Structure formats: C-alpha cells, structure tokens
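To keep things simple, chains are lettered A, B and C as they appear, and every chain counts its residues starting from 1.
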Amino acid sequence: MIEVVQLTKSFGELRVLDGISFGVDKAEVVVVLGPSGSGKSTLLRCVSFLEPYDGGEIRIDGELVGYRMSGRGQRVPRSEAENARHRQQVGMVFQSFNLFPHKTALENVMMGPLHARGQTKAEALEIGLSLLAKVDLSDKANEYPIRLSGGQQQRVAIARALAMRPKVILFDEVTSALDPELVGEVLIVIRELAREGMTMIIVTHEIPFARDVADRIIFMDKGLIVEEGVPGRVLMAPASQRLQLFLRRYQGDYLAT
Amino acid sequence: MRAATRMDYAAQVTSFLLGQMPKLLAGFAVTLTVAVAAIPLALAFGMLLLAPRLSGRGLIRGAVQAYIEVMRGTPLLLQIYLIYFGLPLIGLFPSEFTCGVVGIALQHGAFLCELYRGAIESVSQRQWEAGRAIGMTRLAVFRYAILPQALMKVLGPLGNQLIVLIKDTSLVSAIGVMELTLTGKMVIERSAASFEIFVAVALFYLIVTAAVGAGFRLAEQRYAGRL
Amino acid sequence: MPDVLAKNLPYLLSGAVMTLWLSLAVVGLSTALGFIIGTLGAVGGRTTRALVTAYIFILRGIPVLVVMFLGYYAFPAFGYRANAYVAVGAAQIVYAGAFVAEIVRSAILSVPAGQIAAARGLGMPRAKILMHVVFPQAVRLAIPPLLNTSLTTIKQTSYASVVGAWELTYAAREVVERTLAAFQIFLGVMAIYFCICYPLSALSRWCEGRFVVAH
C-alpha cells in the first residue's frame, strides 16, 4: 500500500534522508527504530507531506505523494487542496500531542470531520463520542486539554487522528514525552488498533512494545536503513554492530556507546 | 495651615469643583466621543495593515513595514498637526474633531497591527502542524485553530493599547477640540481655579482607564484557564 | 530640500537640541527613579508595596499631558516659581518613572524562584542574592520593555509644547503658523524625530528578537 523508493531529503547542507526504500502492506505494522538524528521523524513527515522531499518517490496506493508528474515527465508540486486531501488519509500522532488548547477533548476529535471533511455537526459529534469511548475517555469529553494528563491528551490525539478514517496512521515517538506510568495506557490503545488491522508506521523507543506489536522492524541510522526484518530476528540476533549497540543502550546498559 | 483654614480650604475647593462639574462633564463627554470614534477606526486600520504585513508581496510588505516604523518613530502630536494644518492647503477642511480622530487612528492602527501580528505568531507552530496533519487546508487551520487562540492571546496587550489610545485623546486639545484636558485648562485660565481642577480631570481619566483595564482583565481570565 | 524648510532649518535644529536635552534628562532621571521605586515595589514591606502599586496604577491611568499640566500649575500654587521646563520635566519624570517602576518590579518578580532557592541553599545573605542573582537577570528581562518605554518618553517630550515649553514641536508649530508651509515643516520635523528615535526603535526590535522565548 505504501511504497517508498530512494527517498532523499536535505536540510541545507545536512543530508537527513539518504536513499530510503521500503514498503508497507495493508494492515501491516512497521516499527522504525534508530538513534536521534537518524531521520525517523523526517521520514514520517515526508510520508504525510508535512515536509517536502528532494528526491525519490513516496506512493500511497500507487499515487505519488506531494507531487505529480507533468506531461514532460517533470515533477511538479501538488496544490494545497490536494495535499490536504492526502493528509486526510494519513493520520499522524505527534510526540508533543499538539491538541488544540482552546477546544475540549470532544471538540478536538470533531475538528477534522467538521472542518477538513465538511461533515455536519451531528455526524462529527457521533464520530467524536464513539472514538472517545474507544480510547476510554468518554468521561473527559468536555474537558480542556490543560486539565488532562499527558497520557489522556495523547489518547485524545489518537482519537483525533482516527476521526478522519485514515488509511494509515503514523506515530512519531508518541510516548517519549510521557511520564513512565502513563506510557502503558497509550500503548494499549495502539496495540488494539494493530489487532483491528490498522496499517501503521510507528517510531518508538519502546523495544518490548515493538517486539509485541510489529510485523516488521526497520532500523535506521544517519539517514539510511541499516537493517530490516521480523522482530524475532532483528531484536534477538541483530546483524549490524550499530543495531547491537543501539539495543544494548535501550535495554538498560546506559554506558553503551 | 491651621485646622480651621484647612477645612475652609477643602470646603472651598469642593464647592468650586462642584460648580465646574457641568463643564468638566461636557469635556469628558467629548473625550469619550473622540475615543469611541477613534477606536473602531484604529482596530479596523490595524487589521487592514495585517495581511500585507504578514504575507503581502515584497514591495507592499515593505511599504507597510516602513509606515509602521515611521509611526513608531514620530510623536502623535506632530501627525495630528500635519493633518490639521496640512489638509486645508490641499483644499480639505475637516473639523478639528475629525483631524484628531483620524490622526489617532492612523498611529494606533500601526501599533495594533504589530499587536495582532504578535498574537498570531505567538501561537505555536505545532498548532499549524496539528491542523494540517488532519487534512485541513491552511485557511481552515488559520480560521479554526490559530485565529481563536490569537484572539485569546491578544486581549492583554489590546487592553493596554486601548488605554494608551484613550489617554492620547488628550492631545487633540492642542488643536482646539474641547475635550476634558482643554476644558480643564480653560477653567483654570478663566477663573481663580488652581491645579485642583486637574486633579479632578485626572480622576475622570482614571475612572475610564481603570474600567477598561478591569474589563479586559476579566475577559483575559476567562480564557487564561485554557491556554 | 524645500525652501521654507531649508530657511528655517537652523531654528528647527536648535529646537531639536532642546528636545534632545529634555529627552536625556527625562529618560535618565525617570529610569533611575523607576529603578528605585520598582525595586522597592518588589522587595519592600507590605505598605511600601501597596504605595508603589498605587503610584503605578494612578500614573499609568492618566494622560502624560494631564500630569504635565498638573506640574505646570502645581508649582506656582505651592509658591514655587519654576520655569516651564522644570515643571514639565519633573512631571514627565514622575510619569515615566511609574512605567519604569512597573517594568523593573515585574522583571524582579519574574526571576525564577528556583534560582533564589538555590542561592539561599548556598547560604547567601539576602542582599547578595539580590545583587548577584536577581538583579543581573532582572536587568536582562527588563531591557527590551525599557527600550520601548524610553522611546515613548522621547516622543512624549513633544507634548511639552502644548503646555508651553519650547522645544522642537513648539518651534515647528511656530514656523508653520508663520509661513503656512505645513507639509514641508511638519514632515521635515517628523524626519528629525525619526532620526532621533529610529536607532532606539531598531535596537528595541533587535533585542526583542534576541530574547524571544521559544516554545
């Protein structure tokens, strides 16, 4: 369903993505691991086209993301309306939740259906209530984000992304900013989504969670894919030294460099 | 002063002030009229300047920026004089009142534009991302996510700026508008009154500015709990 | 340069010099006054703080022109024959002092409490904490708004002309009433004020850019 071919992106002099290629099938859960600066976030942002990319291709269901090919075979940026429609199909949940502080939890979830899809208030309300129930926050529907814990805010953010019925959801280190006790409630929601067959690309540091939920794990470093494979193999028998070092560090050996 | 003369003095002053009250109230009414006329003009003018200031093409944006810099760097009194003394030279004869109101609106509009810009820019970039990530167009994100937050954030600075505007209405006394300050000056010059008149004048201004300040603080507090 | 402006330029420039003197005196003295009052308003006892709050509230709520008139008419009322400059200058110093005081007070109070706690934990006496921990940071916080306030104060010296003190704006109005060349003279004088004020305005904007707090 998602095809990434030789994706490159630079920020000025810095080459953040150096030729990434992989695919994601429908209902597949791909976890991306890697040290900071490896380009994982940028990769997600390119898939959602919150960030343009320099070279290579990203295709969802065959359609090129962010650009179209002109008659002469040149790459031409798509219009804002097209990109907006694309993003309706690619849900994204951020590390810093990014809820709208001036709206209640319910109103946050309703924002997409109301103002991106143009649905009626009644429809949006129904979607909002059912999704808040799904993430177990029905009782907080009328609370403003400032009164919610980090874990609750993140669950609202997931509901908000789900409200658009996306084809795929991207998770960008969604538990890294949470207190440890609150991480579990979010991971449970994500795992449930995986069981229901949602296609997902998850960037995370939670190794046990990755092992549990991923169909495939990709390890990135310095803008390249270093290793790829099923969790069992990649996590138990890492082939590259960089992945070995990374795993040691994240599984408790804080002195590993 | 001995106690008796102090009492006499106080009684004298009070009765005198009460006698002048009608004049002062009339001047106060004019002050309020100038403010009520200038405020919407300034608010609107500021908004007019905002779009070019934020995203206009280079030449227009530069012109607006230059205009704002000039307003920042020159006294309001001069601009009022320029309008009042200058327009007749090109065949326009607006009243002193109009000159004053226009002068105030032209300057404060520039300041308000900067204020609006500050409020919009103070809304985190991440809010833009959040909106775009769920598929809203930039316009929709601005309308439903950014603008409401900017409106909540603008209340504090806006209240302060409007108080400055209300105080600046005293400047139109320089071109003969019989508002509160000029009224006070007239009363002193035409009677045996002394500076106590201006204490009364100050009190009038204080009442208005305190009321406006309190009103905006109340409005701010309503939204402070969310942002 | 237009002819009327050129002919009267020396006169106007001497008015500008007066404006500069006035500005220097008022900005300097009001800043000093405001620092003292503002500090007292932040660290003083309950009565002191209440008095400072009242002073700031009253002076910020009335127009500077009214304060100038008050000064102008109050001096003779109490038996002092002061010239217009002293009266108006003193009034403006008291007025601007209130704004500086509020800036200084709020800057001192914004220094993070954690820093003061850390200093006390090290056993520093109160005066030293004030001098070495609070003030340096408060000053950094206060500089951008203080620059803005000084800019406003300089522009407000022009209001002294309404009360009768001779400076650049007074001179400009004199020339215009004599020659009727309103556009030349007033635009020219605006340019002079702009030359005086723009450096400060630009500096203030640059400072705002540097001290902006990122989200």
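Keep this in mind: a contact is a pair of C-beta atoms (placed from the backbone, for glycine too) under 8 Å apart; a residue touches a chain by one contact, two chains touch by 3 or more.
Predicted model, so just to flag it, every value in this text is computed and none were measured.
*Asks:* With chain B excluded from consideration and all other chains held fixed, what connected components does the contact network retain?
*Replies:* Ignoring chain B, the remaining chains break into A | C.
*Asks:* Chain with the smallest distance from its CA centroid to the overall CA centroid?
*Replies:* Closest chain centre to the overall C-alpha centroid: B.
*Asks:* Using the touch rule from the top, point out the two chains with the most contacting C-beta pairs.
*Replies:* Top-ranked chain pair by contacting C-beta pairs: B-C.
*Asks:* Which chain has its C-alpha centroid at the greatest distance from the C-alpha centroid of chain C?
*Replies:* A
*Asks:* So what's the Cα centroid distance for chain A and chain B, whole Å?
*Replies:* Measuring from centre to centre gives 48 Å for this pair.
*Asks:* Can you check how far apart chain A and chain C are, centre to centre, with Cα atoms defining each centre and the answer in Å?
*Replies:* Between these chains, centre-to-centre, one finds 53 Å.
*Asks:* Just curious, how far off is chain C from chain B if you go by their C-alpha centres, in Å?
*Replies:* It comes to 19 Å between the two C-alpha centres.
*Asks:* Mark out which residues of chain B touch at least two other chains, giving numbers and ranges.
*Replies:* 126
*Asks:* What part of chain B is in contact with chain C in the complex they form?
*Replies:* 69-70, 72-79, 81-82, 85-86, 89, 124-126, 163, 167-171, 173-174, 181, 184-185, 188, 194-195, 198-199, 201-202, 205-206, 209-210, 213
*Asks:* Touching chain B in the complex: which residues of chain C?
*Replies:* 57-58, 60-67, 69-70, 73-74, 77, 151, 155-156, 158-159, 161-162, 169, 172-173, 176, 180, 182-183, 186-187, 189-190, 193-194, 197-198, 201, 215
*Asks:* If we count contacts the way the header does, which residues on chain A are in touch with chain B in the complex?
*Replies:* Those residues of chain A that touch chain B are 48, 50, 80-81, 84-89, 91-92, 94, 96, 98-102, 111-112, 115-117, 144, 146, 160-161, 163-164.
*Asks:* Under the touch definition given earlier, write down the residues of chain B that touch chain A in their complex.
*Replies:* Interface residues on chain B, with respect to chain A: 126-127, 129-138, 140, 143-145, 148-149, 152, 223, 225-227.
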